[in-house]
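What follows is a group of structures, each given as structure tokens.
Look for subunit A in each of the two complexes below; its partner is subunit B in the first and subunit C in the second.
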Partner chain A sequence: MEVKINAEGGKTLVELTGRIDTTNADQFQKDIAPLMQGDNPDIEMDCSGMDYTSSQGLRLFLMLQKSVGSRKGKLVLKNMKPQVREVFDITGFSNIITIL
Partner chain B sequence: MKKIRSLSLRLSLNILLFVSVLFIGALAVMAWANYKQIATEAENATKSRLHAMVKEIELPLVEVESAASSAGKFAATLKKNDEMLYRITQQMVAQQPSICGSAIAFARGRHGSDHWFAPYSYEDADGNIKSIQLGNEEYDYYDMEWFRVPFETGKPHWSNPYYDEGGGNRQMTTYSYPLKDNDGQVFAVVTADVPVQWLYDISMKMKPYEQSFITILCPDGSTLAATDSLVALDVQERMKTDTASRNWLNRVLRSNDSMERIGKGSNAMYMTYEPMRTGWAAVIVCRYSDVLKDTNRVLNLLFFIGLAGLLILFVLCYLIVRRVMRPITDLTVAARSMSGGNLNVPLPEVKSHDEVLELRDSFAYMQQSLTEYIQELKTTTAANNRMEGELSVASDIQMGMLSTDFPPMLHAKLVPAKEVGGDLYDFVVVNNDMIYFAIGDVSGKGAPAALMMSITRASLHFVAGMNLTMEQVMSLVNNSVADANSGDMFVTLFIGCLNTKTGMLEYCNGGHNPIIVVHPDGRVHYLNAKSNLALGVIADYPYVGESMQLERGTRLLLYTDGVTEAERADKEQYGEERLLVWAENRGTTGTEQEVVEALYKSVKEYTDGNPQNDDITIMSLKY
Partner chain C sequence: MKKKFNPIKDKSAEIIEYVMSSPDMPSDESLLFKIRLSVEEAVENVVRYSYEGGIGWLEAGTQLSDDGLELMIVLRDAGTPFNPLEREDPDVTAAAEDRDIGGLGIFLCKQMMDNIAYRYEDGCNILTMTKRL
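And now, the complex of A and B:
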């Protein structure tokens, strides 16, 4: 699992690659901790390199969505692979998280 | 066990080895450089000894010579006085202890008569001096060496040794001094007999070395004197019979003083010879090692002093190194004691301010850290044990909450990945014709997930008998979970209610994996269900329920993502595709318990020992 965070013209660009599973969910939580603060966040996540997420990963996306929502910001997930998108669909998370 | 050699010993031995190599090297270079010179000096010393010895032997011989010549000069003035001639010979024998006989032998026709005339005095066996006239038919001295040679050459002469039969009657050598008339003609010869025994006695006193052989060689090859008479006889024999030896002798007699080395190695002999005034040659033969004895003694002394020095050096080295090493040895003992568990063992005092002190301090630091660490470990372990105990109890309660009194048409299995799982299943039979069933998965694992699961299961169980629609049940449970959700957890939950008489299935899917429907005719597909949001995320979320008419014999297969996401070592997942194929192959045969166990077995075979990282729950239901 690799998380690259870049600030670009008021937007926060995040690049996710690899898998989120039991073994590295804690690390992923630490990696995205910087996204949990600041006003009016505008976060765009590129998920094209993401292969898999377990339910723990989903939990962290939910946590991030709630955090961003409470700060009146925006979270967009992009370029998701079909098998990952499926997990978001099954759990109904595509209904509350913007996935393009 | 491998023998441990102490560092002090090894260090000392190394130093010793190094010094030894240096020392022996230096000694070898020194010996090599000086040996030749020292050897030459030793040879010269031996030669000087021989020279001194020759002089010492010659001295009494010179006395004999001068006695004979003075007697001769006196006799020449007395010509016809026979009485005086006898007196002179008597006087010679009496005054010179080395002279055992003396004659004044006249040449043919030079003393009145035509024949022999030779007054002769000698010492008999009892030590009395007797006088006789020597020459007669029996004792024709004209032809004897002692008379003939000086008579013919006109020069004094020392004879070869001979046994004087009819004269002195013993083994002797004779010095002859010729008397000449005014024309230079020899008219008489004065003789002085010296017993060979006397020369032997002198030479015996002159052994320069313990193992040396000294002899005096005469021109005819006889030996005049020798320290070993057997060897002397042998030498004499060779000189008289062997031409090469004879030639050698002639060379020696004519040479100035010289020396030779015979043989090699430890048996090498050293021979030095010197011609004497008497026409003989003195010879000393000794072992070359004796010649070099002094040299060798110096070398040996040097060697032994060196050896003793090395030994002392070794002992000193060993003592010093051991003294320096003492704290390290003590530390080793302390370390061993510590490794045995005794952390309070006192460390040795170190007085020096060096690496050893640093080592000791590091050691003390380690000791302290270890003590603290072990204390901390004890505390942590105790806490862990307590927590594990609590978790175990929680797990027991958790598993106890799951219903296990399955009706024949339903079976389920839950295998948690950790002590306390986040999966759940439930079923309730109502009025003999309705069966509620549910399967769910709480995000996350461990105690918090288990707590969520308990809440979910409890509220589910509570509302099951209230004859509500699936949507209502789902909303109630969702609100309970959302209220209790302190963190950002969620629950995926599938609930269904089957009328066992009509086959009508009502269901609602809250974000859970789609369930599999196996028709009696063999068709297998995922249940077409609208995916509502998982529970606990948003309170009052509008859940939508659905319904479906089942044919008799239809089987429903429910599972959590622990099944589809079970991983092999290469991270490849079991997957929905494989699960669907498995369900197709299985069909609607067997009891529900058999189906559940068979699927679990299939998953386990797939993962092949790879650790399970999520709870696995399987439920099978047959209408």
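And now, the complex of A and C:
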């Protein structure tokens, strides 16, 4: 699993690749820690390279969404693979987080 | 095939890989995705919660039905008696602020597999998950 974070204009672009599972959820939490600070964050995540997430990954997406929401910001997940999208759909996370 | 892991503390990944490497597994990627997710959530539940400090054993096994159309995954442990199916499903319509992450793992298992059964027998939790192939 790899997380690349780039600032571009007023936006934060994030590229997620690989799998988020029991072996690396702690690392993922550390990797996205920089996204948990700052005012009015505008975060766009490219999930085209993300192959898998377990409930531990979902927990961290929820944490990030709550954090961004409380700072009046925006979080958008893009280009999710259908299998991963299904996990977000059946857990209702697609209603909580904007997925394009 | 089946194998007993003891102790199971920090062994989730090894147990999951053992189950997923079974010759009983299908080759279809979409099925494998669902099975892996269910195995991970179910194994994690046992490793994290069944024993105090993860000091205990877990036996994991797979089996195909005689007609080869159904895969069965069985997890057995001797930890605290716990029926995960009695746990209330999370409210998947709740807003982000009200969402609680508890119970999401077993809920995913229920959605991804075709059938899940639990029984407590001879001092053991036995969870059986079935997927039509």
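Operating definition for what follows: the second predicted complex is superposed on the first by the 100 of 100 C-alpha atoms of A that agree within 3 Å, B and C clash if a C-alpha of one lies under 4 Å from a C-alpha of the other, contacts with A are read in each partner's own complex, and residues count from 1 in each chain.
One rule holds for everything that comes next: a residue touches a chain if its C-beta (ideal position, glycine included) is under 8 Å from a C-beta of that chain, and two chains touch if they have at least 3 such contacts.
What you see is a predicted model; the values in this text were computed from it and never measured.
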Combined model on subunit A where subunit B meets subunit C, clash or fit: clash
Partner chain in contact with A:69 - subunit B first, subunit C second, else both or neither: second
First, second, both or neither for A:59, with subunit B first and subunit C second: both
Which superposed partner A:2 touches (first subunit B, second subunit C, both, neither): neither
Touching partner for A:26 - first (subunit B), second (subunit C), both, neither: neither
Footprint overlap on subunit A, where subunit B in one structure and subunit C in the other make contact: 21-23, 52, 54-56, 58-59, 62, 66, 90-92, 95-96
In the complex, subunit A residues that touch subunit B: 19, 21-23, 52, 54-56, 58-60, 62-63, 66, 89-93, 95-96
Subunit A-facing residues of subunit B, complex: 417, 441, 443-445, 487-490, 492, 510-514, 531-534, 537-538, 561, 565, 571, 573, 613-614
Of all residues in subunit C, those that touch subunit A in their complex: 12-13, 16, 29-30, 33, 36-37, 40-41, 44, 90-97, 99, 101, 104-105, 107-108, 111
Subunit A residues touching subunit C - in the complex, by the definition given at the top: 21-23, 52, 54-56, 58-59, 62, 65-66, 69, 83, 87, 90-92, 95-97
